[in-house]
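This is the structure I want to talk about, given as structure tokens.
Labels run A, B and C following the written order; every chain starts at residue 1.
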Amino acid sequence: MRRIEEAVFKALMVISLFIVLGSLLAVILVVVIRGAPALTLSMVTQVPQGGFYLGKEGGILNAIIGSLYVATGATLIAIVIALPFAWYLNQYAGKSRFADIFRAILDIATGVPSLLYGAFAFSIMLAIGAKTSLLWGILTIALFITPLLARSFDEVIQTVPFKLKEASFALGATRLETVLYVVSRQALPGILTGILLAFGRGIGDAASILFTAGYTDSIPTSLGDPVATLPLAIFFQLGSPIPAVQARAYASGIILLAIVLILSVVSRVLTKRYMKYVIK
Amino acid sequence: MDATESVAPEIRVRDLHVILEKREILKGISVEIPKNRITAIIGPSGCGKSTLLRCINRMIDLVEGASVTGEVLIGNVDALSPGIELTELRRRVGMISQTPNPLPMSIFDNIAFGPRIHGERDSKTLDATVSRCLKTVGLWNEVHERLYDPAAKLSIGQQQRLCLARALAMEPEVLLCDEITSALDPISAKHIESELLAIKNEYTIIFVTHILRQARRIADHVIFLYLGELVESGPAAEIFSSPKDPRTKEYLEGVFG
Amino acid sequence: MVRQKGIISRRYRDLIAERAVLIPAILVSVILIAMVIVFLDKASPIFITQPITTLLFSSSWHPLSGQFGFFPFISGTVWVTLLAMGITIPISILSAVYLAEYAHRRVRGVAQPLIDLLAGIPSVVFGLFGILLIVPLIKEQIAPLAGVNSSGYCVLAGGLVLAIMVFPIVISISYEVIRAVPTEMREAALALGATRWETVKFVVLRKALTGIIAAIILGFSRAFGETMAVLMVVGNVPIVPQSVFDPAYPIPALIANNYGEMMSIPAYDSALMFAALILFVIVVAFNILARIVLVRVYRKGV
């Protein structure tokens, strides 16, 4: 009886894991198989030409570049805010209650759906009369990924052993020097992973910038221009009744997937590379 | 800094009380530590040896809620005075801890860390400092070809010598050594001992140890602590041959601790 | 001698940094509070014109004639989320237990990066997957099997897509808490003659339970707020779904599809902000709940 129960549950576990990994494979395979026929070089080298949305010439370079602009800008802003935030939590707040309160706030902010950050940013835009633009796209994504980033920085920095800080203080370093040159150094692999994850979230999110970034067929030349992004390009092309355009949506899906995949590989490589100075 | 600091950095501890979590850990310690000698602090586990050391470079500040009163004069600067520049104090008073704690960077950067944060930017000077300190601790021959390798790759014994070199790089006047050989193999421990002996004429070294034979080997001066009190202190020869206090005698005979 | 330049500036730099690092912490907090204020402010007109019970429990959604009954959207959200969690919870926990307790190191080494990868896939791609595989599958295979007609764009499609999206969240947190159960506890049970599974069931899972609950709550709040993937496969018809084969219109989809489009009807905008407020409040409540549970876990020292 005991044996049977164990065998049954073990089988269920294996099946579950297969379902999980299988669905991952299914997601990738389905998108790749259906998108591959429409994936041409011009997809990634051209902006939409006349009649693109009717199935004619062109590509989605505008959205690829747009996504990179938006995600890069947002990630930079997020780093500038999140890194000091994590320093504060781990170096300056000590064991004070403020650290607990700010961590709780961070947790809540992390859980707020990206859509709501978009709605919030759009409300502000309406209030001040701003137009949809690259700048607002960046700001909206930054709103959404900053808490994520701060939380992941906080988590890696918390794991930095106390004895390292002690060594640094004993050499006469100030708290700032300790956090800049010792703590951040030790946490570097984790910090890089966090940044790439946040960048990936920024590139993949559509709900937040639906209202704020606008959409355009050209590559933005200033922060005030509207900007197209990959997820929205997929979404809009899917809405077309023309099969050729829909097929391009699938191909755009491959491009988005490829970016995510590259990010995850780069993250692994970087982590390995910067692990070598880390004290275990 | 002002000229007065160049006066002998003989350490004078006066009526030092430390209270941690409502327990009095040090109960009014008064003792003098001679300049450019090795002073061993001995005593049973938990008697407050590490706490005493941590008062001298104010690492005790990292313990939340610690209350410290009294005076710790280094030269004629009171290490406990609230207005003191901690970074400068810790530059003057180097510390090596029980387990080696290399920083997450290369061998070179570990040693250059101290001078760098204290304002040294010139790369030639840094190179010179690094090689001088590595030579002093006898590590130069072992590592000079891989100065830019991670410090974490060194063996434990090498790491501890690196930590010693790192402290020396700040040109301190005092070195605090808290059981610095206890995590090492006998050979590495011997290395460290002989290096301390070689440099003792330039530094005031305070050395905590549980190994009486080690204290006998290297100490010029001995301080015996027991349950947070100073029982006896004096020249090593005197303490080891004719301790005045019965508790010292019992400890040396291995009755407790 | 080491140069002693700039001691004062070092100390001041540290003190300035102490103040400066507070700014981001306050900024993030202020933004969160500002969101509540903005949503409340913009939603207030609809509060004033309609009683909150009507808003929450009426099914009549006729924005043009000023009727804003959110019940179809609320039930759409609840249906899709519950279905997704019903699928996710057992599969994720079983997978996590397997990875933490049974799997060979090599299996773990393969599975973990893949699960991380799954976590990184953008929601639009999941939506695409839903449209390409799940929707036709439901339309042509599953619905006929159940003897109903369905376009495929329905609660079931939304639930399935969402379930896959939530897998990595629940799995990775559960895995962490299970691994955090001390080995001695397992050994104690095994030494008493328990089988592996009994050890897991009576010792490990019991010890990790609160952490797993927290993982589930976090997965829940993620599912609740997910927008694009669901929007793409769920049909977006403002009716109260009667079965999993009916279309639904969850709240996030409602906001995403309409906010900013109907500026000429101020009440509509206000209603959408009311919807945003509902989402916000529920997600925050779930997060606080998860936090309370997790704090209890840490106190108990799993």
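Note that in this section contacts are C-beta pairs under 8 Å (C-beta built on N, C-alpha and C of every residue); 3 or more make two chains touch, one makes a residue touch a chain.
Quick caveat: nothing in here was measured; it's all calculated off a predicted structure.
**Student:** Looking at which chains touch which, would you call it a line, ring, star, complete or other?
**Tutor:** Graph shape here is complete: every pair of chains touches.
**Student:** Can you name the chain whose C-alpha mean lies closest to the mean of all the C-alpha atoms?
**Tutor:** A
**Student:** For the interfaces A-B and A-C, which has the higher count of C-beta pairs in contact?
**Tutor:** When the contacts at A-B and A-C are counted, A-C has more.
**Student:** On a CA-centroid basis, which chain has its centre farthest from subunit C's?
**Tutor:** Farthest chain from subunit C, going by C-alpha centroids: B.
**Student:** How far is the middle of subunit B from the middle of subunit C, if each middle is the mean of its Cα atoms, in Å?
**Tutor:** Centres of subunit B and subunit C (C-alpha means) sit 53 Å apart.
**Student:** Centre to centre, by mean C-alpha position, how many angstrom separate subunit A and subunit B?
**Tutor:** So the centroids are 48 Å from each other.
**Student:** How big is the gap, in whole Å, between where the Cα atoms of subunit A centre and where those of subunit C centre?
**Tutor:** The answer is 16 Å.
**Student:** What parts of subunit B, by residue number, touch at least two of the other chains?
**Tutor:** Subunit B, residues with two or more chain partners: 87-88, 91, 114, 117-118, 170.
**Student:** Going by the contact rule already set, what residues in subunit C reach two or more other chains?
**Tutor:** Within subunit C, residues 10-11 contact more than one other chain.
**Student:** Multi-chain contacts only, two chains or more: what residues does subunit A have there?
**Tutor:** Answer for subunit A, listing residues that touch two or more other chains: 174, 177.
**Student:** Where on subunit A does subunit B make contact in their complex?
**Tutor:** The touching residues are 94-95, 163-164, 166-174, 177, 181-182, 185-186, 188, 276-280.
**Student:** Which of the residues in subunit C end up touching subunit A in this complex?
**Tutor:** Result: residues 10-11, 13-14, 17-18, 20-25, 27-29, 31-32, 34-35, 38-39, 42, 90-92, 94-95, 97-99, 102-103, 111, 113-118, 120-129, 131-133, 164, 167, 171, 195-198, 218, 221-222, 224-228, 232, 252, 255-256, 259-260, 272-273, 276, 279-280, 283-284, 286-288, 290-291 of subunit C touch subunit A.
**Student:** If you look only at subunit B, which of its residues touch subunit C in the complex?
**Tutor:** So the residues of subunit B in touch with subunit C come to 1, 85, 87-88, 91, 114-115, 117-120, 170-171.
**Student:** Please give the residue numbers of subunit C that touch subunit B in the complex, ascending.
**Tutor:** Residue list for subunit C touching subunit B: 1-7, 10-11.
**Student:** Touching subunit C in the complex: which residues of subunit A?
**Tutor:** 2-3, 5-6, 9-10, 12-17, 19-21, 23-24, 26-27, 30-31, 34, 81-82, 84-85, 87-89, 91-92, 98, 102, 104-117, 119-120, 122-124, 126, 143, 146-147, 150, 174-177, 197, 200-201, 203-207, 210-211, 230-231, 234-235, 238, 249-250, 253, 256-257, 260-261, 263-264, 268
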